[in-house]
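Pasting the structures in now, so scroll down.
Two complexes follow with chain A in common, the first pairing it with chain B and the second with chain C.
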Partner chain A sequence: MNQAEVSKLVSKLRINVPPTHRKLRSPKGPEGRIDKLRKTVTGLVKFERIELNYNRADEARQYTERLISEAIRHGDCHKPTMDTANFWLLEKELIHKLFKVLVPRYETSNSSYTRLINAPKPQYGRNIDKVVLELKGNPFPDLINNNTNNKLLIQNVLLDAAKQDYRQSKINEIAKNIGKTENAPLNESSKKPEAPEKPVES
Partner chain B sequence: MRRQILCLSTKITHNSCTKALPLTRFLSSQEAIDRRYHLFTLEKKRQLDKVGRVEKIEVQYKGVPNDCTLVMNKGISTPYDCARHLSEWHTDTSALALLDGSVYWDMHRPLTENCTLELQHFRVPEPQQVNRAFWRTCSFMLGACATVAFKDTVPVKLHSFPGPDIRSGSFIYDVQLPTLKDWKPSQQELITLSAEYVKLVRQNEPLERLEVSEELALEMFVENEHKTRQIPSIARNHGKVTLYKVGKHVDISKGPMISNTKQIGRVAVVSVHKLNGNSEVNQLYRFQGVALPTGVIINHFAFSILTERAKKLNTVKSPIPKPLEREESESIAMKA
Partner chain C sequence: MALAIRRSTSEVYGAAKWFIRRDCRVLSTLPEKAVEVPVETKQERPAVSRIRASARNPNLALRHVYPEFLPDPNPKWRNSLREKLERIDMLNRRKQIDIPEFYVGSILAVTVADPHAQGKTNRFVGICIERKGAGLRAEFTLRNVVDHQGVEVRYDLYDPTVHSIQVLRLEKRLDEKLLYLRDALPEYSTFPFDMDPEILPDGTPVPVNPVQVKLKPRPWLERWERQELQGVSNIEEHLKEKDRVRRELRKEPWEKYDLMKQYRRTIPIEDQNDIWAEVNHQLKQLQLTRKKVSRKRTFGVPKTQLG
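And then the complex of A and B:
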């Protein structure tokens, strides 16, 4: 009867989580899969930006998001969270990094903690999707730098000037119309006597 | 004609002033272009030969991939050569060089002393100067386009272009077409002009810079009375006139300009207006266009807004409104 709300038990992730997990084939079976993911999560927390295949990156991303959100939610005095961190981070100094560095960094963020960016594929070779997985707020230079928001870029200067020009023309138009509307009531008042006549005519 | 050029070239190579034979007949526009080009190349060669013994300078490069020191040749190496030491990306995208953090330098202008070097492309955080250089280059190329676009029967005399004003929405070149009265280009003709422009751009020519003496400049522009009238006022300060060359087209401009014509991407010549209220020069037409650098991707609708706006007459400093203000406005024009 008294069913708990799911969002109170598990923190809601800000990324898309597919309904089924990926198997990430390994001779060891499910355990091997978890080992792979632990290595990737550890690597991600350690280096903050890694390049890998899409499947593994997307899978590891979900675990990292979950780990960080748990850490933010419960803090470092919560035994189960500590155990989880201990399980996922193979290098133990990274547990300190998680609670001392990453938690303060993401506490106030309201988007996902990681970023997944498509990387170029090798021209000859196996056709596997490559991606770059990174923690947001890392110290490296941006991978995507299409900073087209710069107002000083030539296209923005041109468009801005065009916008201003357009507004000016509109303002001029309105200013003209104001002059007309001042005259208009006079016309209307002169026309008023005509208006009632119309129905009579019809 | 050939005799005349030969005479001029011997004079230049012997490093004397060019008081050449007076021209005995009218130059056709193509001949004039060839002659100017020939004189430009000769003068450039002479100036390079004058460098003499090669000395080395140290250029501190700042920027991606990492800061480094390049040892270059004094008076010979240009920022473009420095960029070639770095990567193809640097040579292709760099439009302007920034020396010592303050002086904007053409990519194809030889370096003269030890300096720090930054290469500027169109997406640097503060691209005002690069944009101005781009706009100026577009105006310059519009002059080149106007000279080649017309048939031989229509004489074309380039007048001048005002300094770059990007917010005005269009770049300009004022051209005198003495035989065309009240010419209003049709849409087809404008498209043809744009196509000629694109042809010039696709030649991927570098923009070369050269400073020449006043006498030589007068000699080069002997058939163009507007330029010959402007040259003394330009040369008044330093006694030098700065010329730029792209392909075979040579024109006066203060610079700096971008590195290569292939950095001009989308471009359209949108309108030609006749300038009125002008007693001295008849049939002066203002060519207007709008362009964006290579790699700027803009929605076709946004670009149509820009072209629509550029169709209006650009009223930036008509270079010859009244005889009194003429010299001043010309010097403004030549700051371009």
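And then the complex of A and C:
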């Protein structure tokens, strides 16, 4: 039995938002949770690609998306947005980055601003989902390589080497058989009469 | 003849001019001058951000007047088909009776059918202390003091037994909910039943009443001191040191920066635009017809009292 709050307007996020927030365990309670998320958001804006646990990454992703969408909507002359950026970005030079680098980058984009990619888990130890969280359009090489035709892909290098091996072995075989083939027809003709004849059907 | 000569001379002159210029150009070692085309400076359009464009929709102002048209933001209770059907039902109900614009803090008179007496109605006047619920379940609570006894009546906005809703005084208060009137002195929630409606001129913004009420001494129904109320004047008088310490401990200054908490409490702009585009036309039509009716009423021919 709630009524939607109408005092504030928010723009829609382009990611799936779970119905409730996650509790990130912390002795300081809800404040500790927000502190953790502030650190993660700051790290993400600073490094543009970070590896962390899934729970925290998914929460931090939502907050980052909201922060960027607010910055795009209101710009840097809006006091509440500036306050919010000041709260969420612990290193103050990143506020400049948010408004001068990230806002122009994402202004015209029609999809989400961040990407969440599963990372390999450690084989032994606590079985926790690891993910890579990154800002789209970052300067690093792609994590997902969809171009399978690339010669330098490790799979393609191995396949090429295997093909080469196979061809070489075939050539060697043929080369070995060259000498044998001259004598072969004689042997075959001598052997042929010994082979049992098939019964002829009447 | 003269004309022909004149033309021919001019042609000859033109040809000679062309030839000479050409000749000179051929003879000269200077490279041909590149013709300077005035480069049109392209006016770079400011990159149109979808987010900014959608926030500029003028229909969004309707959300203050008709908040119940927005669905409950809790995604567990969202159902697009049900919401759409409810909106149609709400508009149909609004065609039957005039549900005026009102806010928490406005003084209303509501007439409902009496369930215990056939064909009779009950009229209640009071201040709206709370608006709740979305869709057909939208409700509001009126409060008044009758015979030194506080009375609150909760009405459903789209209840078919409601005969009329009349706004006697259209205004807002400093807070979003006025539940603290329950613990305030009775004079702040006493309104006469024979109040005359106050008419605001068209186009004026809804006035905000800055009155600050005085609370009765404790015990209270809620811990008002922790709610950061604007409309209460004497809250500090009734507090002990213990309460002040606990209020400090319970403060959540980070809450206003919790971007996802805000997000989960509201309907995003893009969704709102769809909803308002759907109902805007019909709501405007309803307003127009209501204006026409009210004009007719004011300029109507008085009926003869004879016979």
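The definition used in the following text is that the second predicted complex is superposed on the first by the 139 of 202 C-alpha atoms of A that agree within 3 Å, B and C clash if a C-alpha of one lies under 4 Å from a C-alpha of the other, contacts with A are read in each partner's own complex, and residues count from 1 in each chain.
Methods note: contacts are C-beta pairs under 8 Å (C-beta built on N, C-alpha and C of every residue); 3 or more make two chains touch, one makes a residue touch a chain.
None of the values given here were measured: they were computed from a predicted structure.
Undergrad: With both complexes superposed on chain A, which partner does A:62 reach: first (chain B), second (chain C), both or neither?
TA: So A:62 only meets chain C here.
Undergrad: In the overlay, answer first, second, both or neither for which of chain B and chain C A:21 touches.
TA: So A:21 only meets chain C here.
Undergrad: So, does A:93 touch the first partner chain B, the second partner chain C, both, or neither?
TA: In the superposed model, A:93 contacts neither chain B nor chain C.
Undergrad: First (chain B), second (chain C), both or neither: which does A:10 touch?
TA: second
Undergrad: In the overlaid three-chain picture, which partner chain does A:107 touch, first (chain B) or second (chain C), both, or neither?
TA: So A:107 only meets chain C here.
Undergrad: May I ask you to name which of chain B and chain C touches more residues of chain A?
TA: Counting residues of chain A touched by each partner, the higher count goes to C.
Undergrad: Quick check on the superposed pair: does A:72 touch chain B, chain C, both, or neither? Answer first, second, both or neither.
TA: A:72: touches chain C, not chain B.
Undergrad: For A:158, decide between first (touching chain B), second (touching chain C), both and neither.
TA: So A:158 only meets chain B here.
Undergrad: Mind working out whether A:31 is in touch with chain B, chain C, both or neither, as first, second, both or neither?
TA: It touches chain C, and chain B stays clear.
Undergrad: Which positions of chain A touch chain C when the two form their complex?
TA: Touching chain C from chain A are residues 1-13, 17, 19-21, 30-31, 34, 59, 62-63, 66-67, 69-70, 72-73, 83-84, 87-88, 104, 107-108, 110.
Undergrad: Considering the complex alone, what residue numbers of chain B touch chain A?
TA: Of all residues in chain B, those touching chain A are 122-123, 125-128, 131, 134-135, 166-169, 290, 292-293, 296, 298, 302, 305-306, 309.
Undergrad: Which residues of chain A touch chain B in their complex?
TA: These residues of chain A touch chain B: 147, 150, 152-155, 157-162, 165.
Undergrad: Under the stated contact criterion, what part of chain C meets chain A in this complex?
TA: Per the stated touch rule, the residues are 47-52, 54-55, 60, 63-64, 67-68, 70-76, 131-134, 137-138, 176, 252, 254, 257-272.
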